[in-house]
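Labels for the chains are A, B, C, D, E and F, by order of writing; each one numbers its residues from 1.
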Amino acid sequence: MSDQQTPSFTHLDSQGNASMVDVTEKAVTQREARAEAYIQMQPETLDLILSGGHKKGDVLATARIAGIQAAKKTSDLIPLCHPLMLTKVAVELIPEPENNRVRIESLCKLAGQTGVEMEALTAASVAALTLYDMCKAVDKHMVISGTKVLEKKGGKSGHWLMDS
Amino acid sequence: MSDQQTPSFTHLDSQGNASMVDVTEKAVTQREARAEAYIQMQPETLDLILSGGHKKGDVLATARIAGIQAAKKTSDLIPLCHPLMLTKVAVELIPEPENNRVRIESLCKLAGQTGVEMEALTAASVAALTLYDMCKAVDKHMVISGTKVLEKKGGKSGHWLMDS
Amino acid sequence: MSDQQTPSFTHLDSQGNASMVDVTEKAVTQREARAEAYIQMQPETLDLILSGGHKKGDVLATARIAGIQAAKKTSDLIPLCHPLMLTKVAVELIPEPENNRVRIESLCKLAGQTGVEMEALTAASVAALTLYDMCKAVDKHMVISGTKVLEKKGGKSGHWLMDS
Amino acid sequence: MSDQQTPSFTHLDSQGNASMVDVTEKAVTQREARAEAYIQMQPETLDLILSGGHKKGDVLATARIAGIQAAKKTSDLIPLCHPLMLTKVAVELIPEPENNRVRIESLCKLAGQTGVEMEALTAASVAALTLYDMCKAVDKHMVISGTKVLEKKGGKSGHWLMDS
Amino acid sequence: MSDQQTPSFTHLDSQGNASMVDVTEKAVTQREARAEAYIQMQPETLDLILSGGHKKGDVLATARIAGIQAAKKTSDLIPLCHPLMLTKVAVELIPEPENNRVRIESLCKLAGQTGVEMEALTAASVAALTLYDMCKAVDKHMVISGTKVLEKKGGKSGHWLMDS
Amino acid sequence: MSDQQTPSFTHLDSQGNASMVDVTEKAVTQREARAEAYIQMQPETLDLILSGGHKKGDVLATARIAGIQAAKKTSDLIPLCHPLMLTKVAVELIPEPENNRVRIESLCKLAGQTGVEMEALTAASVAALTLYDMCKAVDKHMVISGTKVLEKKGGKSGHWLMDS
């Protein structure tokens, strides 16, 4: 299963059993990942988010906090993820009224032995779910989509940027 | 903001502060929700999932278990969700080779005071993230999309089915 | 220690071992508790919280969300607390510039077999700690005090109000 | 907001959004913090704690264990705290019958990139809440107060001692 | 697999996928389970536990608290367990010097839709692991054994007692 | 513990209070531990696990995943364990039909300041409990036994192997 020629799953051992990849001997380097997700909604729902003064603050702040906390829970949620000591998490929610959606962008950083793209993806996903939760009483047709990694830095694979 | 005429956010009080909706006096009824999500991948990645005998079992089983466990963590992940005692959670992963994707469908049930669509959405989202985690070493271009509620039963709003 | 005449600790059995009180046969009734806490700070620190527009929103919203989430974690934090399904949690932060402090008031509700004052106290305490965390870089002399129950409703003991 | 002249909140970005402070490039140094809290009670309540032989052991031991475990949960409770690998946690409960109260002192240590005063404060607060929980059936008027940092060592700011 | 004649796994659906058993329509009844576990150790290790005055209290109290808290985490640890609201948890540790071991007995109670034997087993197991942790510096040869259910009450299957 | 002559508990301070051992100044070295546990069952129960094709996969995969996730929760379950960043966790389940049991072996690795045997023991114990949970509807007489450490590497004590 470790043959260079054929790609294989790093999370399965030679008998096909799920296990956590061994990173014991990997170097500690600075790592960083950015991810995004979108939540599509009715124009009226987005208006409601945008119209409130204080209110807007709390709706977006709640989703932002939920995303940050979720990044820290990634290894508890995703069975084969390593526990990590994130050194920076940020989540931004950018309303895009022209597209009837909110764009969510997350950033995670670490000085550690493994990459942080799962943490960034988890932050963006949970921020989107939290926005869904707060808006679901007024909009039953929301859809979360486009959840993906945008950029990775650090580690053996160096700098990687999703082609747009 | 509590005017019946205009839709409003149930998770904000009259000053716009985030708070958990009061369901103390709601009746305990049987409730159910189904949700789905998709993860798009390279054809070679899906082949790899499908080709393994044992291996396939563990990849899909790991995602299924992660989704089930995530449903139970919903109120810990989403700040304004009520803690619930789910009576049934199931997560199915259906490979769709013709579309280069895996479809994930989740089902949550409860005899309780509030709906379970957030639990179903969380289960589907985390199953998708887990699949992403196990395939990311061979495919850097996966995208999770189409995360939405398919059906709701029980509670005041009765039976609701997303129009397809 | 089980003598009716002398008060005793309900969380210790007859050998003095800590254990969770048996509430299996208690009736399910509507219960409610309000608690409060204060965080004392330099006038400049409170000015900083009050001066920002967006900023103020996020500082207070973060503490509010943390308090709400902590209420749901009470039985995980306090060893002999029963797991509960809270039906309502709210946390309010009221700046009191005249006293150089922020007052925090929490409310928890439940239809269940045991009281929710520990949940209300935990919500107020963690909201205060979160405010401390966000202000500690500009003020090293903050003190959290006055954490107490204000009011209880429901259950065998009925309505109880802290004498002011 | 990053102007050296005016103090500012390190947990807010330039738009005022809450985010976790970036400590990726901070040096790993030995850090230490001590905090305290007090719980005021009726003299009879404190007598009850002090009179039991085994019993006393379990009441104070339960609060001590709860405080230690809470220190490890700090980054899960306080949204903008970094996950840390504490290398030492201790919680002491000192009955002060002359003042009708119990003093709680906590100590946290770490070889890491950020300070541990929030962990020490959380340990002291949760130990106090646990004591409250075990005594609340015999005393409805307890108050937790004086929760503050006593001393900090390590990191850029060096040794800091709360003036008494 | 759903044939009444042949026994089958209730946690696998008709395709063999793991899922949580549906208990939505089961009646709420009072349920109870007792379980036990043993930890075998060197006579000197047990002497050390028994000799200390204060010390003994804290060693056994720590294990007891850990067992109680673990019972509440069962549905988080065991993927297909339902979240439950335990109404009573007790853990007893009984040193048996004549057998060079400590016997651990746990009791869990609930008014709910499903049995609590997994909660009782988890409490006993984690209490044993905690004792192991505290003694491992002086004894490298401890073994945990005999972890089993002793008795079950309530639910469809009524009263069941392990034959001794 | 500082007297070489008499062994003592490292988790108790000089007053006999439970506290987390101070590892702040211990060197970061590569550490590793292997542990095992057995679950005894009726021959028919083991047949049922072994007979299913897909089914077998999911039963054993569920227990394996639960064990891996539990290793990561060790410091949350066992009060005086340090939080650790495991770099490798693997859990193997080996059916032994000749002995009517399943053997569970776990492996944990870390580059850190303290050993990982508690993590390995917790992984094996929770994998066994999960297997118990999935088989309990068809077998009420299962027993978990023989939970012990098999091997330790790294740290001050070097390589240690349980004599078989």
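We take it that a residue touches a chain if its C-beta (ideal position, glycine included) is under 8 Å from a C-beta of that chain, and two chains touch if they have at least 3 such contacts.
Fair warning: this is a prediction, and the values are worked out from it, not measured in the lab.
Q: If you take the chains that touch chain B and keep only those that also touch chain C, what is left?
A: Of all the chains present, those in contact with both chain B and chain C are A, E.
Q: In this assembly, which chains make contact with chain A and also with chain E?
A: Chains touching both chain A and chain E: B, C, D, F.
Q: How short can a path of touching chains from chain B to chain F be, counted in steps?
A: Minimum step count, chain B to chain F: 1.
Q: Quick one: how far do you have to rotate chain C to sit on chain F, C-alpha fit, nearest 5 degrees?
A: In short, 180 degrees.
Q: Name whichever of C-D, B-F or C-E reuses the B-C interface, so over half of the contact pairs are the same residue numbers.
A: C-E
Q: Determine the centre-to-centre distance between chain A and chain C, using the mean Cα coordinates as centres, and give it in whole Å.
A: Inter-chain centre distance comes to 31 Å.
Q: Distance-wise, how many Å sit between the C-alpha centres of chain B and chain D, to the nearest whole number?
A: Taking the mean C-alpha position of each chain, the two centres sit 37 Å apart.
Q: Show the residues in chain E shared as contacts by 2 or more other chains, in ascending order.
A: In chain E, the residues touching two or more other chains are 17-18, 54, 57-58, 61-62, 64-66, 69, 73, 76, 79-80, 84-85.
Q: Identify every two-chain combination in which the chains touch.
A: Here the touching pairs of chains are A-B, A-C, A-D, A-F, B-C, B-E, B-F, C-D, C-E, D-E, D-F, E-F.
Q: Please output the residues of chain D touching chain F within their complex, sorted ascending.
A: Going through chain D, the ones touching chain F are 30, 61, 64-65, 68-69, 72-73, 84-92, 109-111.
Q: For the complex, give me every residue of chain E touching chain F.
A: Residues of chain E touching chain F: 1, 7-12, 15-18, 37, 44, 48, 52-55, 57-59, 61-62, 65-66, 69-70, 73, 76-81, 117-118, 121-122, 125-126, 128-130, 132-138, 140-149, 160, 162.
Q: Going by the contact rule at the top, pick out the chain D residues touching chain A in the complex.
A: 13, 17-26, 75-76, 79-80, 82-85, 112-113
Q: Sort out for me which residues of chain E touch chain D in the complex.
A: Those in contact with chain D are residues 54, 57-58, 61-62, 64-66, 69.
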